[in-house]
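After this come two complexes, each holding subunit A, first together with subunit B and then together with subunit C.
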Partner chain A sequence: MSGHSVTEPSNRQKWISGLLVITYAVITIMPLLWIIATGFKSPEDAISYPPKVVFEPSVEGYVNLFTARTRVTPSMEETLPPPDTWYEQIARESGTVIVGPSRYGQRFLNSVIIGFGSTFLSIFFGTLAAYAFSRFRVPIKDDLLFFILSTRMMPPIAVAIPIFLMFRQLGLNDTHLGMILLYTAVNLSLSVWLLKGFIDEIPLEYEEAALIDGYTRFQAFYKVVLPQAATGIASTAIFCLIFAWNEYAFAVLLTSGTAQTAPPFIPTIIGVGGKDWPAVAAGATLFLIPVMIFTILLRKHLLRGITFGAVRK
Partner chain B sequence: MAQIIIKNLRKDFGDFTAVKASSFTIEDGEFFMLLGPSGCGKTTTLRMIAGLEFPTSGEIYIDGEEVSKKRASQRDIAFVFQMFALYPHMNVRQNISYPLKSQGMPKAQIKAKVAEVARVLGIEDILSKPVGGLSGGDRQRVALGRAIVREPKAFMMDEPLGALDAEFREHMSKELRALHDRIGATTVYVTHDQLEAMQMGDKIVVMNHGSVEQFGVPQQIYDWPATMFVAEFIGSPSMNFLHFNGEVAKGDTQVSFNDQSFDIPEQLQAATGDLAFGVRPEHVSLDETNPYKGEVSAVEYLGTTQIVTIDSANGVLKARVSSAQAVSVGQNVGLAFNPRTISIFDTSSGMALLSEANKGVLDHG
Partner chain C sequence: MSGNPIDRIAQATPPSLANRFRGFSDRTIAWLFVGPSIILLLAVNIFPLIWTINLSFTNFKANRLRDAEYIGFRNYERILTDADTWQSMQATAHFLFWTIFFQVLIGFALAYLINKKFKGNDLWTTIIVFPMMLSPAVVGNFWTFLYQPQIGLFNYVVSFFSGVDPSSFSMIGDVDLAPWSIVIVDTWMWTPFVMLICLAGLRSIPDSIYEAAECDRASKWRQFWTLTVPMVLPFLMLAVLFRGIENFKMFDLVVQLTGGGPGSLTTLTSIDLKREAFEKWRTGYASAYAVILFVTVFGLASIYVKALNKVKER
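And now, the complex of A and B:
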């Protein structure tokens, strides 16, 4: 028997804790809802005061997000042929004409490549390193582990200038590879430490059984340890992706064109024909979706990952 | 099927020596027990035979081949772990067929083999179940199935019954022994349970502090322990020691202490100083007429027998006597010892002195 007793919470306790959870959920979800709503407002509604909670939905923000437009005078507009698409129509209504696609799609794709690429590498190297630290006698193991952790003790941006100079020297400025390597380097300490914890929890006997059964050390790692570590890998991957996906400071400093990710791009939308808050909000909303999908896909593992080791199997 | 020879095996972990200079031979087809208290080096020895640890020095021969530097996968040995170590992400069938897959065996043949093993172990009905929900006994059988399916040269078992509850242990130990007798494979079995070792083993090695204390068939080890450690570790209650300061000479058939003489087997080794007169509880009898006296301090009733604890001038001893005999606490009793089974120990070295009775057991090592 354990020292403390576990009793069913009373109705009042349930009621209070339920209220706390709901309050917290509302507080955290409000800004998110506000952003999503702003994406569907007209530019006037977006900045109206007092703020409009009920408004006429419009997709103008999304049209503005994906298109490059130019302002035309009403007299000039009359010389143009009538709009042939629905989005052209929307642009005309605010006195602009579409001159081409915006760079949002491409920046978004950059984020996907860099975010998932660096997550993959962080997990790949992190798993191998964590396995080695967990299972083998590594000389000065504790010092190495502390060194790896210490890279996380300062804000990564503190080394931005040296990295900028190094990247310029190596020709990695504004390249996908450069950003993937950078985010991998920042994430590795997290992934090595998290994954080591997970691998430590996997009993050695499984691998030993595989070794006895005629498999090599690598086969035992690949076929027996990896499936067992899936939970840890999934939750670590989510943390790594969220960091790489949302990173702003390095991205502003090191990318400007071909490899620019969405976070530094979204603010630049402001300014094309006045403060276009609905377009910014639309960009932010769409930007949330991949991480959301990734997290939902792996949420089962995430929950188990966070409580890992707490419950004896 | 193979003979296993261990020569001067040693294992150091940093400054700690887990196994020091162990040597013994396991004959082909033997059910061999490595017995000792926890931390005695028995599991390390087993792991070295299997190839999960590499010895610091010494040799291991399996089937005449020196394997101490070979990897586990190259030794053709099966291992049953205490916690079974069934692959949790596979079902029963996949677990059993896993060692065959590594050999590149064709699928049809694997299927036939697994079916045969499942029939032998009586687990045909659970083949497609995940291993997570299995009972302890079924897990045990699956672990055995994974071991026997590839017909290895030898089986290593690391306290395989340790994780089962007492009731089921009994049943499973019989099943294990029967399985061994049917397959006839050399089996090395680690246990800390002396009863299990005596029940199941053809031969027992008793280890303590990394050294082999004694090695032989169960009855020899029980009757003629080579050291005081073995005498105490084996048997429940353990052997009684009556401590005295005296001497025995070569050819003596009697030993005296506390102004009494006791018959003993003819001694082949002389010793003086602190000695111990070792006698098993079942060879102590209570007899009013006997001049060597003690006072009964406790009586434990065990059904057909009772264990009587007696304070004597040379220490506390326990006697196993018939429950029919009336004994009560505080009673003064005379003690007699069956002379055929007495061992005299040199307390300073802990070794048994050689006698006409134990020389056959102790001579060979």
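And now, the complex of A and C:
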């Protein structure tokens, strides 16, 4: 045996485990790289056999993603004035003309509005509730906390039936407000549980000192506790945002037009003739990249977020 | 900071605000803080749940104006005697069992390897975690492209290593393969979840325990089974609980991937429920279905949590 501690893995062990983990990582990242690559392929390259790893990059997918086009015959094309923009030029090369913008931009914007709106509200209410659960003796506290968590156990489709009827009565179907309220409620369980954990970790002494100094409870809350909990609040907010961003079941059932978010929209993208995979991949890429960036930012708190604060490391 | 505390507060807040909140007792503040959340959850979760239970005893159809009639337990009877329901329950059970099986196996193995603390393990862990953070619907939709018999990357890679003609099988279209196609994608997506939780478990084991075992000349194999596994078990069971509940609710990934087909082979209960509620518009029937699902997941989860607590106490 070598001289070092018995619990320290040997160099050979490290080498082998590193190799295996990296192999898995490369395999698992492949589909994601394939999405990004497909977005930069021409439609012909995207569906070639064998699948092309090396290809000539093209932005046709992105042009197709953001525009609505119609096919024109070569003779018709000759009668048109020459293309005045680079994207018109790209569309012409595949025998189409641009007739207007696509709906992707608007669907993406809906995702942003609903995502940020619901995140703000669930953090606002969640912080208040978490503080109260953490610091005060709330009657039936454990039951309330469990109740809040149990709302996450219901299949979304099961909840969607009465929500659909309720929204129909209130005129909230396919509105931003309706979706924001719904996602706020769904995210509340996450934000209360996570934030309670973060606030529990702030030593009581800080607040007690503030209270002795003559601060009111309320002042102690927003001048002492809130700044201390800032990191926790920020990471909880990102988790709420990611959930709202990714949500599909409610979105597909309760929105169809004005308030439709990107997840139900992206799979419905079709080209002028058949499924336009580069455009779908381009749409998916733009939609997935922000989450990947957030994942990197969040990596220290990831475990906590995905287990509702049950595992804290 | 200068001056006495009273001055400081006077500077910090307008007096009216300070006075207004000074009057509140802790109890009042507690209810003020908890209230909005509870009200919102009551409105969006409990009220709808009660409504669902009520509807489940009627023959209401949401696309008709006709008034609903109470029909007692007829919906429940019909659901539990319907072969299609049992078929979808079976599909869900298959999906649940195999996804959890593979995710635990691969997730634990990965965590064990990462815990060997090789250089750069943080970076690779982050890369492995990516799939689980992404939108299941968007990613699931793209997997249909990877699964294409002629042009898909998945079929190409399989044929590259096995020599099978890539156009000779269709993961989504073939009756034998479709149930596995959803298991593969879900495992790809959620293995990192189990991995992260196991990693936390492994890291919670103090080195001193292994040192003591080493002094007792316990073999590495024995150490693994008598120390590592029991210490990680509560974490692993928690991961299984989360995955179990999530996959019982599974909708977005599978509906985009296979749409429930071929036939109804991959029609999980959520997909079946969606058809009843929003395609056939049998609202009353679907409500009863929803209640049955909720009772099932709630009941199973409660039993499981009891078992989990027993393991934790040991």
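Everything that follows uses one rule, which is that the second predicted complex is superposed on the first by the 275 of 313 C-alpha atoms of A that agree within 3 Å, B and C clash if a C-alpha of one lies under 4 Å from a C-alpha of the other, contacts with A are read in each partner's own complex, and residues count from 1 in each chain.
Throughout what follows, a contact is a pair of C-beta atoms (placed from the backbone, for glycine too) under 8 Å apart; a residue touches a chain by one contact, two chains touch by 3 or more.
Just so it is clear, the model here is predicted, and its values are computed rather than measured.
Q: After the superposition on A, what does A:G214 contact: first (subunit B), second (subunit C), both or neither?
A: both
Q: Of the partners subunit B and subunit C, which touch A:G126 in the superposed model: first, second, both, neither?
A: A:G126 contacts subunit C only, not subunit B.
Q: Which chain makes contact with more of the residues of subunit A, subunit B or else subunit C?
A: C
Q: Return first, second, both or neither, reflecting whether A:V112 touches subunit B, subunit C, both chains, or no partner chain.
A: In the superposition, A:V112 contacts neither subunit B nor subunit C.
Q: Taking the superposition as given, does A:Q228 touch the first partner, subunit B, the second, subunit C, both, or neither?
A: first
Q: Check the residue A:L177 against both partner chains and state whether it touches subunit B (first), subunit C (second), both, or neither.
A: Touch status of A:L177: no partner.
Q: Both subunit B and subunit C touch subunit A; at which residues?
A: 213-216, 219
Q: For the complex, which residues does subunit A have touching subunit C?
A: Residue list for subunit A touching subunit C: 5-7, 9, 13-15, 17-18, 20-22, 24-25, 28-32, 34-35, 38, 46-51, 125-126, 128-129, 131-133, 136-138, 144, 147-148, 150-166, 181-182, 184-186, 188-189, 192, 213-219, 223, 242, 245-246, 248-249, 252-253, 262-264, 266-267, 277, 280-281, 284, 287-288, 291-292, 294-296, 299, 302-303, 306-307, 310-311, 313.
Q: In their complex, what parts of subunit C are in touch with subunit A?
A: It is residues 5-6, 8-9, 12-13, 18, 21-22, 24, 26-27, 29-34, 36-38, 40-41, 43-45, 47-49, 51-52, 55, 62, 106, 110, 112-114, 116-122, 124-139, 141-143, 145-146, 150-153, 156, 166, 188, 191-193, 196-197, 199-200, 203, 207, 210-211, 214, 235, 238, 242, 245, 248-249, 251-252, 256, 269-270, 273-274, 277-278, 283, 286-287, 289-291, 293-294, 297-298, 301 of subunit C that touch subunit A.
Q: Flag every residue of subunit B that touches subunit A in the complex, lowest number first.
A: Within the complex, subunit B contacts subunit A at residues 50-52, 71-73, 77-79, 81, 83, 85-89, 98-99, 102-103, 146, 150.
Q: Write out the stretch or stretches of subunit A touching subunit B in their complex.
A: 203, 205-206, 208-216, 219, 224, 227-228
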